[in-house]
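One chain, chain A, appears in both complexes that follow, with chain B as partner in the first and chain C in the second.
Entry: the complex of A and B
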């Protein structure tokens, strides 16, 4: 029993890292641009379909497809911010909300029209292989996906910490007036940030096909998941998004194992409510 | 160097500037004096490209810059030391200075400008890796000035640089502005400390309800009966 539970926890952590990468995108966008991307999960599902198509047409492994998809998503995010969202910056929050909910609805229904409601599995040759480490049996796909998620997160941390552009984006989040005063091109940096946020979702969505089958209905579910994770971890905190992702991954896996898989969301929301009750700024969030 | 003609600026329906005209000569300190709400900060924000004017021209080195976005204005050589300092509190002093040097015009002079700033404000060298939010008000003001200088400006607008500082820091900041001007920097100075700013200024303008009501040399305004009554309490 205890070794099975241990296995379940490890699987949860691995899945949680991929969730964390997805939520990281949401957190970065909100932390800098101050826009809540209500179409976040829907973009993850577009990436899942892209990965599915690349795999069925070209036999491209999702771990490799992740790179071109993330790059494409960066471009989509950049253009979306420049053309669609920028005019809404500074408008009341409910107008931004409607805009992005609109985008989400278009994505879900567009995917329904193109692919239909059935789940599309990506059958990797190593889908059922696992590493045996002592009493532990760890899925190969989840391990690879988790390592890839960690690598992308690490790159992102380094980008924000050590590059001039990354520092400029942090400066915008820190003091917007100051950014204008020193002559930073805020609109361009916002577009870059939205691009980076969507690149995270693109990478995470691609990795997600190794864990779940692509279907349009996953969109709203993943949006909710990303919100839960970001609020648990602390809005705007990059490390918080990762830790929130791991917590949700483990809680989902344990709920599925100990009770029944259909109960897993209930535990995630219970965790969310507990955090809101006792530490409303999130685990690693800053008190404002 | 800078010539403003017939500038009208609105905040929504309220008119902040009404037909403002003024010039700033190369190498001068131009003081702008006025009560709270007279339009001083609106004027600076409009020149800096952070606010769009309804009418009028802002000519800098022969080019009309009215309505250009702030990053383009900065890159032409107009720097700003904003009211409230506006440093990046969670970034280090080094990163704050780096942000000042992001302008295309300043990229090649990064090393040279940094050496100049750290020589001028040795305190910043001591605090180099500290978060800017942990600095005292005076140190933050030096950082704000240093950050602006990292952009290789030819004209710098100082908005209330001594506001909220301890007396010793006020002296340091105003001395720094005087020294920078002697080294050739053209300055626009908006300062609550009217007596000191008029003493420093070669050109001076009084702004009242969005209009320029008085203009002259700093000395002349300092001797003007209306200025003495309204702003110097004499």
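Entry: the complex of A and C
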């Protein structure tokens, strides 16, 4: 029993790292642009379909497909911010909300029109292989996905920490007026940030294909998942998104194993309500 | 003054409509009234008090399930059950409000908390066997009950006039509330809660009252929903899509105005129906086509008239109902 539970926890951590990467995109966008991307999960599902298409047409492994998809998503995010979202910066939250809900509705139903409601599986040749470490049996796909998610996250941390552009973006988040005063091109930096946020989602969505089958209905569910993670970890905190992702991954896996799989997200929401009530800024967040 | 004449004429026209409209038009109008009604309830929270709730499907669902459950298991009719529905929804609403506002949760965080409560409840109801769980709760249709209007059994006309009465009543109530002392406190909280507090407004109390009235009113809409549709599924009633659907009319019509939710419902519902009809006629039968247009329409409206359609119309007609 205890070794099975240990297995479940490890699986949860691995899944949680992919969740964390997805939530990271949301957190970066909110932390800098101050816009809550209500279409976040829907973008993840677009990436899942892209990975599915690349795999079924070109036999491209999602671990490789991740790179072109993330790059494409960066472009989409950049354009989206420049053309659609920029006029809404500084407008009331509910107006931004309606705008992005409109985008989300179009994505979900557009996918439904193109692909239909059925789930599209990506059958990798190593889908059922696992590593055996002592009493542990770990899925190969999950391990690779988690390592890839960690790598992308590490890259992102390094970008924000060490590059000039990354520092400039952090400056916009910390003090917008100050950033504008020293001559930073805020509009361009916002578009870059949105692009980076969507690149995270693109990468995470591609990896998700190894864990779940693509279907349009996943969109709203993933949006909620990303929100839950980001709030638990702290909106705008990068490390928080990762820790929140792991927490949710483990809580889902344990609830699914110990109680019943259909109740698993109830525990995530209970966790969210508890965090909001006792530490609304999130585990690692700063109070704004 | 000519505003009141116009409203009276509109109301008279709507009362007379069933005399010459067919069943389809009646069913669309029932939907319009339903969304106008719940829109009024939501508008009290967001439009007047400035608290963005994205989980109002919670109160629709609670109202629907409480009334339907009492009817099925205890034989208590909806006219009595509605009071229980209001009480349960208002109690849950006050817990949500208390948890949020006691701990200073505002804005985006409050919105997300309301979603979390609705989702939590949705999954919970998926596992309540007494209320049909995920398989759904059905209100059986018996021949001998037909025409028992006191049990909300009847044809479309019954529901048409009931929905019309709900909208008219809610609009009167909102118009009165807006001019009451409480209404001015709400607007003060919305505009600047710190300044309101400095002027001696009990901000927490004002928000809590808004939440109680709004959730209770929404629950009445839920009772209507349950007895009109006669089937309930947690995945449909509590879903986030329902919460979003319900807030669109007031946002499109004009937040914080008395007539905004009505105008918004009269624009959006027929628009959606027309899109269904158009896609059916064109023979292009892909699910989701209607919703894609709907999403595009939303983006266009919020882009072009962000403060809503009604203030824009009202200015042109020379009415003075701007956002207080």
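Methods note: the second predicted complex is superposed on the first by the 288 of 288 C-alpha atoms of A that agree within 3 Å, B and C clash if a C-alpha of one lies under 4 Å from a C-alpha of the other, contacts with A are read in each partner's own complex, and residues count from 1 in each chain.
Operating definition for what follows: contacts are C-beta pairs under 8 Å (C-beta built on N, C-alpha and C of every residue); 3 or more make two chains touch, one makes a residue touch a chain.
Source: prediction; values computed, not measured.
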Partner chain in contact with A:91 - chain B first, chain C second, else both or neither: second
Touching partner for A:101 - first (chain B), second (chain C), both, neither: second
First (chain B), second (chain C), both or neither touched by A:75: neither
Partner chain in contact with A:135 - chain B first, chain C second, else both or neither: neither
First, second, both or neither for A:262, with chain B first and chain C second: second
First, second, both or neither for A:168, with chain B first and chain C second: first
First (chain B), second (chain C), both or neither touched by A:154: neither
First (chain B), second (chain C), both or neither touched by A:177: first
Residue contacts with chain A in the superposition, chain B compared against chain C: C
Contact footprint of chain B on chain A as seen in their complex: 164, 167-168, 170-171, 174-175, 177-186
Contact footprint of chain C on chain A as seen in their complex: 30, 36, 84, 87, 91, 93-95, 97-99, 101-106, 108-113, 116-117, 216, 220, 224, 227-228, 231, 235, 262-263, 265-266, 269-270, 272-273, 276-278, 280
Complex interface listing, chain B residues touching chain A: 48, 50, 69-71, 73-75, 80, 82, 86-91, 95, 98-100, 102-103, 147-148, 151
Contact set on chain C toward chain A in their complex: 46, 52, 54, 99-100, 103-105, 107-109, 111-113, 115-117, 119-120, 123-124, 126-127, 134, 240-241, 244, 248, 251, 255, 286-292, 294-296, 298-299, 302-303, 306
